[in-house]
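Structures follow.
First chain A sits with chain B, and in the next complex the same chain sits with chain C.
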Partner chain A sequence: MDRSCHLSLIIDLSPSQWHLSAQPTNPHPLSFQTFLSLVLTFLNSHIAAKHENTLAVFGALPGKSTMLYSSLDADSSNTNDPPADANSYRPFKFVNTIVTKNIQKELDLLEGLTEEPPVTLVGALTMALCYINRLAHPPPGSVATETTTEADARILILSVSPDLSASYIPVMNSIFSAQKLRVTIDVCKVYGEETVFLQQAAHLTGGSYIYLERRDAFLQYLTMSFLPPPSIRHMMAVPRQDKVDFRAACFCHKNIVDIGFVCSVCLSIFCSPVPVCSTCRTKFPMKTLQRLNASRPSIPPANGVSNGSPRPPSARPSQGMSASLR
Partner chain B sequence: MNSGSDSDSFDEGDLTARGRKAKGKSGSRANEKGKQKAKDQGYAWEATYTRSWDTVQEDEAGSLTGAVAELLARGRRRRLLAPAAAIRRTIIRHLVLLLDLSAAMSDRDMRPTRFDLSLEYAREFITEWFDQNPLGQIGIVGMRGGIGERVCEMSGNPQDVLKAISERHKLEPIGEPSLQNAIEMARSSMSHLPTHSSREMLVIFGSLTTVDPGNIYETLSSCVKDRIRISLVALAAETKICRELCDKTGGTFGVAMNEGHFKDLLFELIPPPAQQHTGAGAGGKMSADLMMMGFPQRLPDTAPAALCVCHAQMRAAGFLCPRCGARLCDAPTDCDVCGLMIVSSPHLARSYHHLFPVKPYSVVTTLDGVTSTTCHACARPLEDTPSANVSEGVSPFDRYRCQDCKSDFCTECDVFVHDVLHCCPGCET
Partner chain C sequence: MPSATGKAEEQQERSLHALLPFLQTQSQTSLTRLYQRPSSCLPIFRLLGAVERQLVMNLLWLESSIPTATMSSWVTKEGKTHFDDALDLLTRLHILTNNVTTKLGLSPAFKSSMRQAITGGGTSVSFGVPAESDDKRHAPSIDALDAYALERWETILHYMVSSGTGQMPVKPSQGVLFLLQRNGLMAMNQGQLQITSSGFQFLLHTPHAQLWELLLQYLQMVEERQMDLVEVLSFLFMLSTMELGREYSTENLSDTQRAMLEDLRDYGLIWQRKASSRRFSPTRLATTLTSSLPPLPTATNTGGAQEQGFIVLETNYRLYAYTDNPLQTAVLNLFVSVRSRFPNLVVGAITRESVRKALLNGITADQIISYLTTYAHPQMRKNKPLLPVTVQDQIRLWELERNRIKAQEGFLYTAFASQADYEYVLNYARQLDVVLWENTAKRCFFGSVEGHANIRGFIERRTGGGG
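On to the complex of A and B.
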């Protein structure tokens, strides 16, 4: 841990998902209060790991994303300085107070809502990327005392909401920008079903995607897997998910397809041959449609893949099948 | 250039301007003199080229800040001028790179030699090209000893293409180049391509002569008929046939002035070309089509090893063809067994930003009714006192506003959103 590193944490603050997560019927119920105190402990460890480490916290709320804390802008000489407390280390107290206060403020704003729009994680993700880009380009006037430009930057997403298929393209654009900025995206799926988009985000940026199975061990997952910066992870056996779903969702029904029909102009994906592209209104030649309809596999492939359900990891072709091909 | 002749060189009239590099072989002294001349009067192809470092001026305090801001402003104005409607771009591209491997490439007017520099830039070009055109394919043809040599078959795998030009000693420049032979060879490898994909040739040409077995104008007209777009980067000087090849096929022609300019000329050809609707010539309208593609699932590194169909080697990780179950090492590729085009969805998504660009942000010139004090994306505090004498297209408050979500952004984020991120942070929330 020679170099300082920057952590941008994205917290999914969907009230309804957190309500579900806290239900006692879950195998390991996790309430938002417990979750937040564990996250704050993790943030304190990050600050304590190295004096120069920087931190930003973003919240993804229903229909809104906001910055909850930033070590660049939150000056400790601020007027809303927390009262001195003999029993706590001041920088820890400072982060904890600001993050808690801002989350409370945002959640209070949600009170009036009758209907909860879905949480758009991608908003927070794009803000985190812009913030990291800002770190990489300090204003020309300022003296570059901090070595932020060389710092390892990473984003950790703590997600509880399912994928939002409408945000597919922005999520992908964010992933490619992260690659350009050399930012690692880590994902911890705290509650809810697996998300294909975040799996791809972690895979394509060299991060870890971890589905939290033992939610009573959340802090251990955080400290063991997500505290070490990516540069030293190869020396540690950090768990990561290797299997990645690269299948695509069709634009027409949002089904997950393994064989799709793609418009050559806009690359929209359809689950069956269509005469006109619904995205760019391109008409396809009749000949192609006839040919594609004829060559469509009428029987599902040998390994029994059907739409929608992820393929079980054991469903690979038998050794004999692959071996006999050449 | 006339049919039947064994070896013909361009006569003086063919050179619209006689350049310093035409004398390259006659020794460095002549070269120096030529350079002097170039400085004095300039050549036709130099007229439009301005070095970015020539335009940068320090201000009184010796700082470059103002100049950098001016460059950014120019980029912003250019974006505003760009057509608002999403232009159709050719996403599926096929390119044959024609490398001059003739003796002219050993010239040292570019460091270390034209040949080494071309190889180096070709490598960078290929990497970046595949990054921006993930569904494209590149083939390489070499020109030396009067014939065209197939260096690399059309391939969608950057590793294969890079490997083909990694062994320098196999490509040693020798003899005379033949544009006609090489173009014919490249043309034949593109004849089977579907109509919805582009057919492009990029020629890196160091010589001033070409040794052709027949009439190159016949080759040119068959290229026009096949809708092949030829672009050429000349390292020596402008020649009539080279310019004509590009002009008639809708490609671009450029003469590299120096190492940096050479790279700029190559890299300008990387973004997918816009499709012209009323297409005349090679850049014309291409028919749209529906393509069947397979989206594989990536196997974990811990999966039991099996033979891959592409290399016949035992591999643990890899992709499975969704139609026939064959194990493939890489995507995108065509399945070796059933021929299905295998593409992972991120490959498709990489192209979406060309089709759905972020609308340019407007320049905020007044703070009336503004409530935000920080940049919406990066939380950088924004100015509330206007800075004096800003040029056109630059906000005195460093504020740029999205017309859809009405959020304000700082200069840095405006550039980042449009050049890298390709989605507006305000609109996504």
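On to the complex of A and C.
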């Protein structure tokens, strides 16, 4: 029996990026309105697949993240009921109305803002993970139906904003939590540059990362790549990325680095050799620093195969910093 | 001997719903008529398996059909057979247009209705017209609907289980009785309706399977009653997309569908204030038709905290059932010898006699075990394996006891003229794999009935050719 599945959708709601995306100078301009109607169709397809499928929608807004829809609340919130209509299936209509209304409300709140802070994608991702965790571990005493506890959960991120290198550590932590919860993270880059961190998120959780090339075929991309639940992906192949950018951000300046220097004790990453690790306060011998500094330019940047595992400290009595190749 | 539950499990594995084979037997014209309503497409789509659903979705937004090779490049090697099966099923349901070997495309009727269902809009009015809210008479609460559905359904089951035991439970309506009889679940015996062996098996199924079994029989009788099958099906599907606890108007229904209201009221699928009422409410039985959620409200038997499971089975064959539900007690009575009954507890034991009685009624060991597994108490779920192995094995052994002799029809071949003749024919029979028993010393062997024509022909050819 195929099981029900849960989808947490994270929509990147950066007004400036969406403005850029709608510019007619783009090869395939995609306005937010069109985007939203296609996403709603996709959400309906997800609920259509099975009666028990659940859904949560999160918005990553500039400076805040918020929950736009959750099928757990759907039953109780009868106050803002859309009028009944014999021409449409009610759950679909319900999702569409609530999501559109909440997005409009959040965007209206942004009106007064003069400067746009970066979108808090990590906040939304964390909220989604917490939500899935709550589904997987219902509080004792509540009537836990088996369908919710067994459900396959996955997260789909529709991203338009560029990478925020400051959020490297939170993103990695979210990825590890997702791995632990066995949640697949899918990423669709709708507009803008490729993002390094989201590529890694999809790769490490077994999801698929797609850079949207033909934006006029957005719905078809969504349906074919992101609609199949993880359980049937071994039969219906979904595209995976063939190369993954594994670069990390350094802990000192939050820059994405090609060559990093890794503390041999706590594995913190730095963009240049430092005498004292800022995380664990380990002091490194002067000699090592000099050696590393001297060897820096000689390391060819293309030689990035090993992912920088430092020697264990016990192997060498004198602690030192090791150069990490990405 | 494949048991009924075994089949059901198999079907679930391939996730083939019981209704789909029935739909496959329908003509293309009636299916196309059915697909014209968005509210029918959506439930049918939900009854399909995961791969089929994905295929339909992949094709839904394409304007023209695409080469099959393009689609199959999305399928991994392991999924190939699944994919072919899916294509086959979808073609037989006429969801895909006919020539799947070269091109894939959804049939126009299905495509446009499914699109309408997903995006909303249109003027099909197929998802049920909600009744105007009435200030004087409020819509029934969900609890009231649940209680109603449960009462209706249990009346049917209880009538079945206690037929022939001398008790006189409440009789379901004539329509239901007729349906049970036609389905072979009950039969007339000395002027009285008696439960049959398939009826006993029916009792141990899950409510969802029971409901569909009855509805399928209902669908099969539709033609005899001069009703339009498409109308009936689309009404059932419409019910499954309706919302629990909401009242709908009967105004847009056709005459056939109005006639169905009465039948479905008897089964507990819908609730009406009175027979002439112009509004109706679907119950949980109806709204969960196309889902795998429990169709009947749980936790009604002992009130509150308990979930579905209520049976504790110990390694010493003792069974404690925390229930005060007469139906569940009666079902347990089929294969448990009950020792004592308390207000909320039934204590009994599984004995050789009680199991043999069940086996004589046509219930199989697998069905007993699967019933015990389904309704095991939450405390039991901590055990691994869930049921004590000794008890499971013993129930199976008791079943085997009854199957010591296996009868097989066939022919005995004797009086061969020579050993060579005998061996020559025997070899031929062995090649056909029809030899059931042989004795070289007596020069005779026993072949099954299927092989007889061949062997006889072979011998005749040989004797005819030789002499």
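Convention: the second predicted complex is superposed on the first by the 268 of 326 C-alpha atoms of A that agree within 3 Å, B and C clash if a C-alpha of one lies under 4 Å from a C-alpha of the other, contacts with A are read in each partner's own complex, and residues count from 1 in each chain.
Methods note: contacts are C-beta pairs under 8 Å (C-beta built on N, C-alpha and C of every residue); 3 or more make two chains touch, one makes a residue touch a chain.
Fair warning: this is a prediction, and the values are worked out from it, not measured in the lab.
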Query raised in the report: Is A:173 touching the first partner chain B, the second partner chain C, both, or neither of them?
Result: first
Report task. Scan A:282 for contacts with chain B and chain C and give back first, second, both or neither. Result -> first
Report task. Scan A:89 for contacts with chain B and chain C and give back first, second, both or neither. Result -> second
Report task. Please indicate which partner A:258 is in contact with in the superposed arrangement: first for chain B, second for chain C, both, or neither. Result -> first
Report task. In the three-chain superposition, say which chain, chain B or chain C, touches more residues of chain A. Result -> B
Requested in this report: Would you sort A:164 into first (chain B), second (chain C), both or neither based on which partner it touches?
Outcome: neither
Requested in this report: Once the structures are superposed on A, label A:227 by its partner contacts, choosing first (chain B), second (chain C), both or neither.
Outcome: second
Query raised in the report: Touching A:237, do we find chain B (first), chain C (second), both, or neither?
Result: second
Requested in this report: Would you sort A:22 into first (chain B), second (chain C), both or neither based on which partner it touches?
Outcome: neither
Requested in this report: State whether A:41 touches chain B only (first), chain C only (second), both chains, or neither.
Outcome: second
Query - chain C-touching residues of chain A, taken from the complex the two chains share - result: 1-2, 4, 41, 44-45, 48-52, 84-90, 92-93, 96, 143, 145, 147, 219-220, 223-224, 227-229, 231-232, 234-237
Requested in this report: Show which residues of chain C lie in contact with chain A when the two form their complex.
Outcome: 12-13, 15, 38-39, 42, 45-46, 49-51, 53-54, 57-58, 60-62, 74-76, 78-79, 82-83, 117-130, 241, 243, 246, 252, 288, 290-293, 299, 307
Query raised in the report: Mind pulling up the chain A residues that touch chain B in the complex?
Result: 63-65, 67, 70, 72-73, 120, 122-124, 126-127, 129-131, 133-134, 137, 140-141, 167-170, 172-177, 180-181, 200, 203-204, 241-249, 257-267, 269-270, 273-274, 277, 280, 282-285, 288-289, 292, 295, 297, 301-303, 305, 311, 313, 316-317, 319, 321-323, 325-326
Requested in this report: Spell out the residues on chain B that touch chain A in their complex, using ranges where they run on.
Outcome: 63, 65, 68, 88, 91-92, 196-197, 287-304, 306-309, 312, 317, 319-320, 322-327, 331, 336-337, 340, 343-346, 348-353, 355-356, 374-381, 410, 412-413, 416-417, 420-425, 428-429
